[in-house]
């Protein structure tokens, strides 16, 4: 967990203390509120996270060297994971954010598969955010 | 041992709760006898089939061919081509029969209820050969528009229709479809991936020309399926994939092909899989499928009713011959969230478009939550599902 | 546990004698870990892959994709398409790449050493599209006529060559072939069915455009294989079979396809098989394949020498990089009789044309007896074989 | 074994008494001599047993209601099996011969697979002989 920012580390630990998966999901649903919402009329093909079962959109900008992350998803679970990512990277320098591996979703006991495939909206979302960050720092 | 006890996976816990496996339309579980048969093969008789005289090769060949023999018996079919599954079986028809017998201007009739595996191969053929595709619409009662079907037959050469919808569970009026198609001079392909797990079919009496299905949806292994073909249609098929045992002779001037089913089984076949399927077919004879089907549909019908009471939209009608599939949506709770919440309590259901986007498009939706029941599922599991959903609705609606 | 002890089948008796399995070029045996992996999957995680959120589906998807990941690592390949075997992999190239990139007047170079699986798909394409096929002859030293090869390249678009002959065991000069082909502007497909069980290949460094092989010849299950593809060739491939997970969207107006390997994996994939193969690939890392290869070729070379002493014609040269395959014929004893006599003492060898009729035609014969060795075979088994053959020759010649 | 003619029944029993398969094969090789040989220059496409690994040819005639069976094969084992079949049907009425099932090869401990496939020259040979007998009695 070395690369996790403090806030993310705490979150992971908080989740790990909860044994029941249903409870963890409910906690995650609450984190959906943490995302700076990308309004529906800003949803475009370029904000779309591909391969999700339902609609999910993200927008990542870098302003004065700090990340600005917006997102929204039909599924609360996906938006909750955006919330976690948001807590992790909002306001960070891109170079720092790029060090965060996707493992937290598994470590928080939320996903059981990290394979980048259609079942895994989270992984696609994470990959898209990181890719865009990389492009914007080049 | 009870039927259910023969499935080792059903002892498993998921997220601390007993597994309730309700994703049977995607794939079914395997009884221990199927695993045993494959283990015995691999640890006692593993060898490549055909063309060899040693003992293991003889045993492997007998094991492989026993699958074909059992399929012939179970379905009363004279030609059984072993494929990797329903999808390959339909692609085989599109290539081996379609490309040899259809040309620009010919028409194929599909339905909006088809699985992608019975759409995309035909779209590819249509694009390549200038064949026309006509889609029979689905009505608001979740059935095929039979009037439109009749109209679509004019000049059609092939009708491809799903036996039972994997989304709706609706079993189509196949006898009528086959009779009308034949009267119009069209051949008929049945996608029976969801049909044969629920009903015994006499292919000869049924009268379709081609029928495709997968082992993994009827308690057999992954990686294997079959295409049943009537003899006259079989004679019209050109080879599809080349190599391995499908030839009679090969020379640099050209090749001649086998005349039996091997012609369409290029390369080392799915030997262990055939042996596992063979065991699964035997196992399917160990209980009364019709009675089980009745029980399962009863459960599905009950679940559908309860879910409607919870405010869900249910897509299906659950007639006696339909499959035990319940597709539903809640007006405000997202499907994926619902599936995750269920998974947290051990319930495995599927969400998404179920590879039937044209059907969902017609229904005005992009996906459903689907609970599908099979022979080892119990009424108690169904009650548990309903109780869980009730809790979810109360909490998250 | 010794390497050999990990193969349960090697404990078996055949006709009262311990099994001596020397038909490894047809298919290899499976170590217990491979069976275990498939059993664990079927009894704990069996589910359909992709598009689902429940726990079992996640585990199944990870298991399936782990096979691809391990293949990428082992072969240093960026694109790995999972197929049902070598034969389907080559047919996939013929359809997905060939039909999109070759047209009347284009030429494909094959060799007389090819397995039928690397001949028939091209003959079918040639007939359909008017493509020319050129066959590189085999010399009396059992090698490709490299001068003829160089000449054949003029204007060729694709060169298809077997890594290692399944009849002769001869490993072709692939580095030279690939370099010359690329210089002439042709892509190269390697049939590595017999190659990869004996040698580790760095696909990236090797430089071929396509490489096909089967799991069952490298201690993995039946029903699965792979096609490795270079990224630029991958971009030139059109979909082959339609249905299942290969699409992005399907509508009645048409479909769009996935952009990764799933585009070529229509239908429910070979899930248990991928998981079994994954275990086999891990297992292959548990010993030094190069050292084992050296040992096996040593055995084959010794056997070849002994058989020549017994008056047999041996077809092969047994160089260091060749596979441990010994093809032979006795001037008067019929091959099939020889194989039956060997089988009576537990020895499994293969007879017949080994799906390489053009090669046999060039050698002026119609078949051979073939003994092929793999990592679990011992020097003692080889000595036993020679002793048995000696007895047979003395008695029946 | 009800449908086996006396001579065949005895042969099957004789083979069953021998435990070693090698010995049984050697006994079978000797029965290759029992076949009325179909000379090489009479080998044609219509006498060929298809799907055999090596060449095998048979010719079945019916003369005055009695079977006349000729055969020859490159493999002694196959010709030996022809010998067994010959002992069984030579001179019989076709209707009687048609009652003989192919099981004897397995019961004699000679073949382990009865699947009609390329590995099984015997089965193809048996099928061809029976088919021709059926055609000639129609």
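Letters are used for the chains, namely A, B, C and D, taken in the order the chains are written, and counting of residues starts over at 1 for each.
By our rule, a residue touches a chain if its C-beta (ideal position, glycine included) is under 8 Å from a C-beta of that chain, and two chains touch if they have at least 3 such contacts.
A quick note: this is a predicted structure, and the numbers were derived from the prediction, not measured.
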item	value
CA centroid of subunit A to CA centroid of subunit B, Å	37
Inter-chain centre distance, subunit B versus subunit C - centres from mean C-alpha coordinates, in Å	31
Distance from subunit C to subunit A - Cα centre to Cα centre, in angstrom	43
Junction residues of subunit B, two or more chains touched	15, 51-53, 55, 57, 245, 336, 340, 343, 351-352
Shared-contact residues (touching 2 or more other chains) in subunit A	53, 118
Arrangement of touching chains [line / ring / star / complete / other]	other
Which chain pairs touch, all of them	A-B, A-C, B-C, B-D, C-D
Subunit C residues within the subunit A interface of the complex	49-53, 55, 57-59, 61-62, 65, 245
Residues of subunit D touching subunit B in the complex	53, 111-115, 117-120
Residues on subunit D engaged by subunit C in the complex (per definition of touch)	19-22, 24-25, 29, 53-54, 74-78, 118, 121
Subunit B - residues contacting subunit C, complex	8-9, 12, 14-15, 19, 21, 23, 26-27, 29-30, 32, 34-35, 38-39, 42-48, 51-57, 84-88, 90-91, 94, 112, 115-124, 127, 133, 135, 214, 216, 221-224, 239, 241-247, 249-252, 254-255, 266-273, 336, 339-340, 342-343, 347-353, 355, 357-358, 361
Subunit B to subunit A touching residues, read off their complex	15-16, 334-337, 340-341, 343-345, 351-352, 366-367, 396
